[in-house]
Amino acid sequence: MKAIDQSIQGFRETFRRDLVWPFLAPEKITNVDVSNQMILYVEGLNLSFDGFKALNDLNLYIKDGELRCLIGANGAGKTTLMDVITGKTTPDSGSVFFGQTHNLLSKDEADIAQLGIGRKFQKPTVFEEQTVFDNLELSLKTDKRVIQTLFSRLSPTEMDRIDEVLNIIGLKEQCFMKAGALSHGQKQWLEIGMLLVSDPRLLLIDEPVAGMTAQETERTAELLTSLAGERTVIVVEHDMEFVRSIARTVTVLHQGSVLAEGSMDQIQSNQDVIQVYLGEDAMEAEL
Amino acid sequence: MNRILRLCLCFLVLTIPSLSLAVETQSLLQQLTKAKLSQMPNMLEQLEAQGDETLLPIFRAWLGGNLYYKRDDRQLLVKQKINSSTLYVDAFNQQVQADLTSKKVRKIKVNNKLRGLLRGTIARLQLTSKNTELRQAAVRELMADLDAETFNTLEDLYPNEPNASVQEMMQTALSLYVAKDSQHSQSVRLSAIEFLAQSLENDVRNGLIELTQDTNAVVASAAQKALNKINQSVERYAFVDQLFFGLSLGSVLLLASIGLAITFGVMGVINMAHGEMIMLGAYTTYVVQLIMPNYIDYSIWVAIPAAFLVSGLMGVVIERLVICRLHGRPLETLLATFGISLILQQLVRTIFSPLNRQVSTPSWMSGSWEINPVLSLTLNRLYILAFALLVFIALVLILKKSALGLNVRAVSQNRNMAKAMGVKTEWVDAMTFGLGSGIAGIAGVALSQLTNVGPNLGQAYIIDSFMVVVFGGVGNLLGTLVAAFTLGIANKFLEPTTGAVLAAILVLVFIILFIQKRPKGLFPQKGRAAE
Amino acid sequence: MSSLISWFKAGRTSGQYTLPFVVILLSMTVLASVANLLLPQESIFYVSTYSITLLGKYLCYAMLALAVDIIWGYCGILSLGHGAFFALGGYAMGMYLMRQIGDRGVYGNPILPDFMVFLDWQELPWFWLGMDQFWFAMIMAVVVPGLLAFVFGWLAFRSRVTGVYLSIMTQALTYALLLSFFRNEMGFGGNNGLTDFKEILGFDLQSDLTRVALFITTALLLALVLLVSQRILSSRLGKVTLAVRDSEARTRFIGYRTERYKVWLFVYSAVIAGIAGALYVPQVGIINPGEFSPINSIEIVIWVAVGGRGTLIGAIIGALLVNYAKTRFTAIMPDGWLFALGALFVLVTLFLPKGLIGLYGQIQSKRQASVTQEASK
Amino acid sequence: MISMKKVSQLYGGTQILWDLDLDIEPGSITCIMGRNGVGKTTLMKAIMGLLPIKRGEILMAQDALHKQSAEQRAYAGIGYVPQGRDIFPMLTVEENLRIGLPVKKRKDIPEKVFELFPVLKEMLHRRGGDLSGGQQQQLAIGRALVLEPKVLILDEPNEGIQPNIVKQIGDVILKLNAEENLTVILIEQKLGFARRVGKEFRLMEKGRIVAADKMENLNDELIKQYLAV
Amino acid sequence: ADTIKVGVLHSLSGTMAISETTLKDTVLMMVEEQNKKGGLLGKKLEAVVVDPASNWPLFAEKARELLTEDQVDVIFGCWTSVSRKSVLPVIEELNGLMFYPVQYEGEESSYNVFYTGAAPNQQAIPAVNYLKDELGVERWVLAGTDYVYPRTTNKILEAYLKDMGVAEDDIMINYTPFGHSDWQSIVSDIKKFGSAGKKTAVVSTINGDANVPFYKELGNQGISSEDIPVVAFSVGEEELSGLDTAPLVGHLAAWNYFQSVETDENEEFITKWQAYTKNPERVTNDPMEATFIGFNMWANAVTEAGTTDVDAVEKAMIGQETPNLTGGIAVMNKNHHLSKPVLIGEIQDDGQFETVWETDGVVPGDAWSDFLPGSKDLVADWTDPLKCGNYNTETKMCSGQNY
């Protein structure tokens, strides 16, 4: 009797609408709890690839509305960190929380994106076979469930938003060009544009100005600064001039863990950082 | 059993003693030319009663279907094949009969039943043969139903038998007789049964099964014990047998898919014409055998390189004419190679007709390696297993150690960059596709030994090949190897309980479920790089 | 802003040929039907019943090709097992038609189909129950393929089985079904399948009127499916689908649960295939496990490729053309038609990379190129 | 060293390069600059032979380069570091480097490569695709150097490279240029680097070379006209 | 029309091309032959060949094409039962006429079809009798390809064997998929099954392509015909021509025709065939003889009826007599099946069969088996007054449509 009861119980449990049938599960409408001012908690993150430690007991806290620069030698683990935050890679151990309640490690990419974490990839990745416009339309912050997507219409506000972003990224003329036909730099812009229309809470931006001219770099800097406050921005860049122009706090990663953290000036004079990253005469060389 | 037959045949050619037979026997033999099949068993009995060892050559010829007579004067003849030419010799005086065509002679009929009887007769006559193997075969042949007379003969022969294993066989036969014979005392029978417990001979097992129903309860239980013991080791050997079947099926899958592991796995061409490359290899084997009909035993050694060349060249041609124009459009290769496969099939149908072609098995590959009475491994499959592994190793070496291997992978990953690095991509493509196709051709040589050589040969293997390559993990040769053997063994261990059809279905379902766990096959390509 | 709206309109032209195509399709259908039913046999405009049946069959294939194009052309899922859904739909219809025979079978058994009688089955297996009802059978014709697609897709897409792995798994699926349906124990008539149908919904299957009705139904359903699919694919869901095709990972990073999109599209496609199968069976008069054979499924993909993948109309045209070619070739040169068909596939691949539909684009871009060249001078 | 005469190039229907003329002196370091999408990469691919040109000719020391295939151009002594690196992702670092060995009929990877980029030695057995962006960039340059080219084409080599390595790359370029008289064609957006390394500059706009001079003469006016947005 | 059109509906590509192409050539040869004799009714014969490509629905389509587009007067065609089942409704709808030349499972008699191959009682039952009586077989392996013909045949044989008192344990039934090529386990099982001390035989309904690997495995595992004879119903000279038969000598087949039978008719037929195919090695087989008989009977019936009209020809067909190639006369019965002799032959090392047993006279083909519960009460009789393909002698009813 008991066994039957249990199995019925088990059966019920298995068939709970929200558990087993992800297709039927109601979409969670969530708010990020930032009552402690912090929006991102990264604690004790470890990740190794075939014995190689890409992330090594990494701890990182990002304040809500902050613009944080993340620098560090090639291979320090910056991109890998973003992979972990966005759900692309699962770490061996550690925890990542978005606000106080959302454990990112238990969510998949789509969930994380819907929570409001947007990402620009190091290597520009856009939908090459679709137009610039469509790329932007797809990235809009909307209900992304299947049925809703099927019946969605582009609202005037959304169209305005796209129009606006097209202006910002300077691809208005290429609006109906296939994204695959854009030049490298144009793709970079398009990706930034996709990030902008999706209106995320937290932006992870991997090397936005690579391949841009000085002026474009400046514009990007302006753009990112203007975004901060309302949103939280984490930028990875190797262009020190750019970093200096936007940075309030800079975190230096080295061999998978934080080497130094502080203002740009502090960092620039930090001997360790100079040794592993900037180089002895870094600033002169840059200019 | 075939072996005896073949041995007999070769003895015939070697020893042609003139026969001096009693007139009575001669006339009895002569009557064979007029007898109906139904009368023959009777006549055979009479012949055996009258004759002796001297009749053996005639019996053997009869057994082998080589006993003839002239249509006109009913002269008894023995047909002999010497170097593919046939000649007839007089059965009695061994004179070669010139210009006798097959139209002028008639065969003395022999059928299944008669062949069984003839074999018994020959065995009885052969118990005293000088040839150890013949003697052993004779004892084994007679073991099942020894009559009292033969028992006595055997008993007499036993002490003087020089060869130990023949002697053991004789003892087994004698023990079997004794054990079954209730005339003997219980203790004698029991010790005979004890001896029998060591034997794996089929007749012994059947004898023991009979004995478990014996009226003597002690004997029956002893027989049961002995039987249990034998069954245990039989089961062990059955497992080995099954494992071998699995490995063998695996080796066939491996051979069939290994070329595809290159053209599809490494180059990324969805090569629907892969099966036809195998088919070309098989047809090459056929043609080679046509060209050298008298050297079938060596034909394989010519066929392997020839098949490699034929299929390889065809591969190169296909690559140069079609595939090379489809770079960066992997899915289109599916369409084009499907078209090519249709064309090649029809081409073969047009040239060779839609019928299956006959490919002979070299004698050294026929038959089986008898390890003991319950375990024997068929030679052709044993060789093919070894061959598959050899080909695999060679291929791995080529891809790992030669510049070609590195270049192919580079080209398949980024053609333009490879060009910029000075890689002659066109040459690499052609060579690689040629290599993959050539290996498929070699597989065709092996398959021609197992199955039909016909226009559909390729179709029969294409699905399995893709399955193996994908299951193992695309681009991973080791994966292909493991996948092939896994599927082969799984199939063969399922088959006895589920039957062939269900086994095949279950293996497919298993693959489908397995891929859920490992979406990139057994040995996936890991890391960032794979994305 | 207003400029954007006009761009927006201009940007969505992919479906502009759909309506004209549907109009042509339907008017041809009506003409052919009228010509068959009303004209005398001697008239040069008479369309024979043979042609009607043939056209009906082609249209079923076209619908099947459409189903494959939706997931392959638009979503990048190369299914080498779509024949399975087609065949399942066909079997559902076949079972209904089989039950309609009633006691007119050779053994006169009112319940059991003939093949069960002579293999000594005593009663109808459970899965045959209810199949004597047309509505139930038709529900099964869409539910069974849909359900199979759902289960298979759910497993595979959730585990992120993609690319050739997925293709070969679909092939394994149809192959396993082929072997299963071959088994007489399955209760589907084994290799012989289901045949010898008499009537559908009380109409004699051998009468011209029924044939024409089936033909028209097929054409209407094809048009409907085409329009609905066009609608779906030009909605935002269609763009997500394309995005999944081009970079599934990226699509996930902007918040779409790609596996759900794939599952539903796969189910949709399977249902269309099932409908096509159900329409196919009464027109050709037999359904047997051969329809599950992997080669058949590969051929479907080839129709799509020949027509031009990623263009719904292309898939339809490809299916019609290849099958027409097959019909003609097998009759004109029974010994060499495979050469012709094979060459057709090779040549289309080499010279029409975007299929027959792409030919139009190819010519246009040539013209455009020469125009720009002139402009530059 | 390399001269292009009236080169035109089209993608499908759109023309990218318009009757472009370009002269590269032997032993020079020429910096090609221009806004995004003006056709710099396209130009480099045309030189390397990865894109067919529609009209015009490309000469390398009198040889008609445009008639040769890309692999022949590699043998002729052009090394190419593409934008976006184009590492062979599934090959190990070592294999990536070995690809070019036959060109110079060498058996081993020149030690110089590891001297210039020590990381590569550490990562020798890792797959190229697993490397971080910056590591890949170093690998790409190293890979081109294996060919021991006479002309080295670098398409934005500093994209995503940490500052001290950027400097190092600059040093490497200068060193190779000085010691081996290597001709370098460099696409670079960062003025600082361009000024430090480049000796000549070419400015591009809409598929044409619109300005060419010594690097000293790259003034703010030109920058404003052709590089600002 | 100024010619009489003969449709040929045999697969020339796909899996069945192996078997069916030969029959296409046979019909073409017969047509040529007949034309040399001046045709029929003063008209030339014209063959219309199509390729249904081993695709069953395509068979139906092509049958319709032949009958309505090409307006053929008769069709010679089909090999597999499923292809016949597929064309049957079409032929009946359009009242065509077809000759089916292959041994099959029976359980059918259509007004529009003449069955010139063997029914189970003309092949399977005599073969089993032979094994039992002549070779003393007590244990039976019924091995077949998993489809209707083997299933039905084995059902019939199983019932028949049990009637004769064979125990359940002494019958082993095994089915394999089409084109099965790995026979190791099954052959090894057969070997084990056959080593129980009782004489064992295999009754093989293994189809086409699967036979070559099956026999190769038999040979390699050393199963000789004296140990465990295999009697096959689908292996003829043509199948053997793809095999090295040396290790298979003595295995058996049951047919209504063997190439080796020495009669004048047969010799002439073989000579013509080899001349027609320009191949002196080309073999003949049973379905060819069935085609030969069918064609001759049709030609006679047309002459007799003076027209190619189907109903007239059908009437004229019944009772037609034509010499067999193996001697004796084949008769077309009222149930559209032939009376033919049954031969059992042993495989020889030259790829031919040697007849070791034959029925005394001819055996009439039975459309409905006496050993299946569903069909033992059925008879077919296409003459008045019955005119029914499946008349139930119990209920006195002719079920369903006209077959």
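Labels for the chains are A, B, C, D and E, by order of writing; each one numbers its residues from 1.
In the analysis below, a contact is a pair of C-beta atoms (placed from the backbone, for glycine too) under 8 Å apart; a residue touches a chain by one contact, two chains touch by 3 or more.
Note that the coordinates shown come from a computational prediction; the quantities given were computed from them, not determined experimentally.
K.L.:
Show me the overlap between the contact partners of subunit C and those of subunit D.
P.N.:
The common neighbours are A, B.
K.L.:
According to the touch definition, list the chains common to the neighbour sets of subunit A and subunit B.
P.N.:
Chains that touch both subunit A and subunit B, as defined above, are C, D.
K.L.:
Enter the minimum step count from subunit A to subunit E; a value of 1 means the two chains touch.
P.N.:
Step count on the best path from subunit A to subunit E: 2.
K.L.:
Pick the chain whose C-alpha centre of mass, unweighted, sits closest to the average of all protein C-alpha coordinates shown.
P.N.:
C
K.L.:
Would you say B-D or A-C is joined by more C-beta pairs in contact?
P.N.:
Looking at A-C and B-D side by side, A-C shows more C-beta contacts.
K.L.:
For subunit A and subunit D, what's the span in angstrom between their mean Cα positions?
P.N.:
A distance of 31 Å separates the two centres.
K.L.:
Could you put a whole-Å number on the gap between the CA centroids of subunit C and subunit E?
P.N.:
Centre-to-centre distance between subunit C and subunit E: 36 Å.
K.L.:
Where the centres are mean C-alpha positions, what is the separation of subunit B from subunit C, in Å?
P.N.:
Going by mean C-alpha positions, subunit B sits 45 Å from subunit C.
K.L.:
Can you compute the centre-to-centre distance for subunit B and subunit E, using the mean CA position of each chain? Integer Å is fine.
P.N.:
Using C-alpha averages as centres, the distance is 30 Å.
K.L.:
Give me the residues of subunit E that touch two or more other chains.
P.N.:
Only 12-13, 146, 175, 177 qualify.
K.L.:
On subunit A, where are the residues touching two or more other chains?
P.N.:
Within subunit A, the residues that touch at least two other chains are 49.
K.L.:
Which positions in subunit C touch two or more other chains at once?
P.N.:
In subunit C, residues 179, 182-183, 249, 335, 338 touch at least two other chains, as defined above.
K.L.:
Please give the residue numbers of subunit E that touch subunit B in the complex, ascending.
P.N.:
Residue positions touching the partner: 12-15, 17-18, 21-22, 134-135, 146, 174-177, 179-182, 184-186, 188-189, 195-197, 209, 212-213, 216-217, 219-222, 224-227, 229, 238-239, 241-244, 247, 249-250, 252, 346, 348-349, 354, 356.
K.L.:
In their shared complex, at which residues does subunit B touch subunit C?
P.N.:
These residues of subunit B touch subunit C: 264, 270, 272, 322, 325-326, 329, 331-332, 334-336, 338-343, 345-347, 350, 459, 463, 466-467, 470, 474, 501-502, 504-505, 508-509, 511-513, 515-517, 519-521, 531.
K.L.:
What part of subunit B is in contact with subunit D in the complex they form?
P.N.:
403, 406-407, 409-410, 413-414, 416-425, 475, 525, 527-531
K.L.:
With touch defined as at the start, can you tell me which subunit C residues reach subunit E in the complex?
P.N.:
Residue list for subunit C touching subunit E: 48-50, 53-54, 57, 101, 103-109, 114-115, 117-120, 179, 182-184, 190-193, 195-198, 206, 284-286, 288, 290, 327, 330-331, 334-335, 337-338.
K.L.:
Under the definition above, what is the set of subunit D residues touching subunit B in their complex?
P.N.:
Per the touch definition, subunit D meets subunit B at residues 48-50, 69-71, 73-75, 80, 82, 86, 88-91, 95, 98-100, 102-103, 127-130, 143, 147.
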